[in-house]
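Next, two complexes with chain A in common: one pairs it with chain B, the other with chain C.
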Partner chain A sequence: MKVITANFVTCAVKECKTTATSFPLHFHDAELELQEVDFQPEFIRNVIPRIDWEGLRTTANELGFPSLPETKPEGDALTNEQTLKDLHRLLLETQVMEGKLVCGTCGHAYAIKEGIANFLLPSHLV
Partner chain B sequence: MSRPEDILPPDLFYNDNESRKYTTSSRIRNIQADMTYRALELLDLKSPSFILDVGCGSGLSGEILSQEEPQNGGPHTWVGMDVSPSMLDVALQREVDGDLFLADIGQGVPFRPGSFDAAISISAIQWLCNAETSDVSPEGRLKRFFEGLYASLRRGGRAVCQFYPKNDIQRGMISGAAVKAGFGAGMLEDDPGTKNAKLYLVLTVGGGGLSGDITGVVNGMDGVNVLDARRKAAEVNNARQPRKGDRAWIMKKKDQQEKKGKVVKQNSKYTGRKRRIVF
Partner chain C sequence: MLPTPDTSHVSFDTIYEPSEDSYLFLDTLASASESQWLSDRFQTGTSPDLASSAVPLVVEAGTGSGVVLGFVAAQSQKIFGRQDILTLGTDVNRNACMATRETVSRAISAEQQSSEATALKTIHISSLTGDLCSPLRPGSVDVLLFNPPYVPTDELPRLPTASENDPTSLKGMSSSARFDQDSYFLSLTYAGGADGMETTNRLLDAIPGILSDRGVAYVLLCKQNQPEAVKEQIRGWGGWDAETVGSSGMQAGWEKLVIVRIWRSQKP
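The block that comes next holds the complex of A and B.
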């Protein structure tokens, strides 16, 4: 699972979705892998306004990356190629191959195997 | 032809063998590719976008999203959801670019509001019309799916779902559920009336970036006829129903009685006419 996806996914349990702590989901025992992806500055510029920066900072922290700047790069900062390249590396090239995603509200753990997260819920949680 | 939907639930039907057959069949690959290109045409994306592929299977539609040419607005980044582990396994072996989720779309779409620019679904959502256990219903699953999808798309986003309804009831059920969730909806049918008919449900959120209504999606496309069922439906609603006591109602009742073989007074110009007010 790419870090960009982790920044959009929430807990699938119905009661959790409305609570503030259901996002971001927390990584546990994550094994990372770097996969080269073509650099697309336009895509990064398109998606940055929708990124939850606080959530991304938390995720990056849990995965052991150096801490990100306090505020989201906006406006002129997005013309800087190096900033975009760094974001590209973190968001699109960093993959979590194994591990767990844990909800902060209900504590449900979604397993990640070979990069695929299992979001199937038992019927009593739907 | 038998429908896989009538045989087994999707996670069991697409086992290792079926998934491999599905992905390697050149006939299916061609059909899937054509439908994906058609869906992309309907989405009309201008720049590299973040797309949700609902029922992505082995990534046949997804790889087209990743390979879209820059002059057509691509390449896109996508996230795929599917309920069949075998299909996702095939996708892993084919090393598709998108992020994969093992998830049941009838349980909702677990993403933050406003996550995606667009959504695409090729031959998947008719599976929602089947309920495999007694604690879920097709209506409930459709409702969860469309409400989740509506929330996860950004304002001005669009979704195109190609699906194979079993009959008109399923078709109405699916489009009705989408409209109820808040989407602006329209149907595009390719090759109508033939065996190869393909049905696309085109959905918009908050106008879908169009200046007019949903028919604007097909503006500038060749060979598309717009049939507006809304006007017809409005006319039917506006047509005056015979009310109890008026002439049409009386004539209808007299007809009914006559057919039963009862003695009914002859019709004349005075039948059903109001009496003069007498002081």
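The block that comes next holds the complex of A and C.
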């Protein structure tokens, strides 16, 4: 799964969804793999409005990426090629192959194996 | 005729093999009227505000082989009027997730090789093992696709657990146990319980929460699902509309399979 996925997912437990701490889920023991994707400035520029910036900053930190700017790039910052390249690498080229995604509310850990995260719940959580 | 994604790598022991319903999905989304409607909604540059240029997130619940999501990913220019969409698939069967990931990336690269003039930028961000939209953040989905288990059955098969999808759990399994497990996973692809609607009703219930403000869902129904009643029910939500936008051949005066488009008719 590409890192951008973490910006669109949350805990599968219904009661957690309305709690602020269920997003973003937290990466633990993540093993990363880089998969090259053609750099397309206008694509990444159109991805940025979709991003929850605070959530992405948390994710980037947990994966050991250099700190992202405090606020989401806008206006002139969107023409800065280096900013766009950094985001392209983090969001679209970096794949999480193994590890866990952990909910900050209930603590449930969703396992990631061979790049596929498993959001099915054990019967006591359904 | 747009190419159908290659699924030759998929083993259909536990995964639904692309059939009439899958192809109705492809034909409906690529039809002139539907692609026009979607392009009007999602095309870039139609409005100066940033929100409209934002890349749409297209999600398929229950991807199976991934033939529908692969088609949409590869044909995003034709369907949505733009070369950049993000696709994500969910399925309760881990094998289906693996298959989908491969199908979608093959479909995207086949399209990229065939058309030199247009640069397709669409990216498949992940296939997740999960129940319908349960892993997704509320309000995040722009386009939701669902070809459900729609066959009426006496019983609805239970959902698999996380451990049943653990690749290591298959080791040491006897061949008869393996056969039972394969049959169980296959039953999940078609068995819909009462009126064939038990799983579809759970998805419909999730739609107002999971779709973005510009969100739209496409759901396939068979005639036993009573599409007219389903559409009436959706219109009763308030602020939502539903319309039949695709159908397969008539049988005794009835359309056997239909695809219903569900969307917000008013801004929330």
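We take it that the second predicted complex is superposed on the first by the 123 of 126 C-alpha atoms of A that agree within 3 Å, B and C clash if a C-alpha of one lies under 4 Å from a C-alpha of the other, contacts with A are read in each partner's own complex, and residues count from 1 in each chain.
Here is the rule we go by: a residue touches a chain if its C-beta (ideal position, glycine included) is under 8 Å from a C-beta of that chain, and two chains touch if they have at least 3 such contacts.
Model, not experiment: these values are computed from the prediction.
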>> Applying the document's definition of touch, where does A:Lys2 land relative to chain B and chain C: first, second, both, or neither?
In response: both
>> After the superposition on A, what does A:Val37 contact: first (chain B), second (chain C), both or neither?
In response: both
> Touching A:Cys103 in the superposition: chain B (first), chain C (second), both, neither?
Replying inline: neither
>> Contact-wise, after the overlay, does A:Leu90 reach chain B, chain C, both or neither (first, second, both, neither)?
In response: neither
> When the two structures are overlaid on chain A, which partner does A:Pro122 contact: first (chain B), second (chain C), both, or neither?
Replying inline: second
> Touch check for A:Leu56: first (chain B), second (chain C), both, or neither?
Replying inline: neither
> Do chain B and chain C land on any of the same chain A residues, and which?
Replying inline: 1-2, 4-5, 8-10, 12, 17, 23, 37-38, 40, 42-43, 46-47, 50, 92, 114-121, 123, 126
>> Give the list of chain B residues in touch with chain A in this complex.
In response: 47-50, 75, 77, 79, 81, 83, 88, 92, 97, 99-104, 107-108, 110-112, 114-117, 133, 135-136, 144, 154
> Mind pulling up the chain A residues that touch chain C in the complex?
Replying inline: 1-2, 4-5, 7-10, 12, 17, 23, 37-38, 40, 42-43, 46-47, 49-50, 92, 110-111, 113-123, 126
> In their complex, what parts of chain A are in touch with chain B?
Replying inline: 1-2, 4-5, 8-12, 14, 17, 23, 37-38, 40, 42-43, 46-47, 50, 52, 92, 114-121, 123, 126
> Which of the residues in chain C come into contact with chain A in the complex?
Replying inline: 44, 50-51, 53-55, 57, 84, 86, 88, 90, 92, 94, 97-98, 101, 119, 121, 123, 125-131, 134-138, 140, 159-163, 165-167
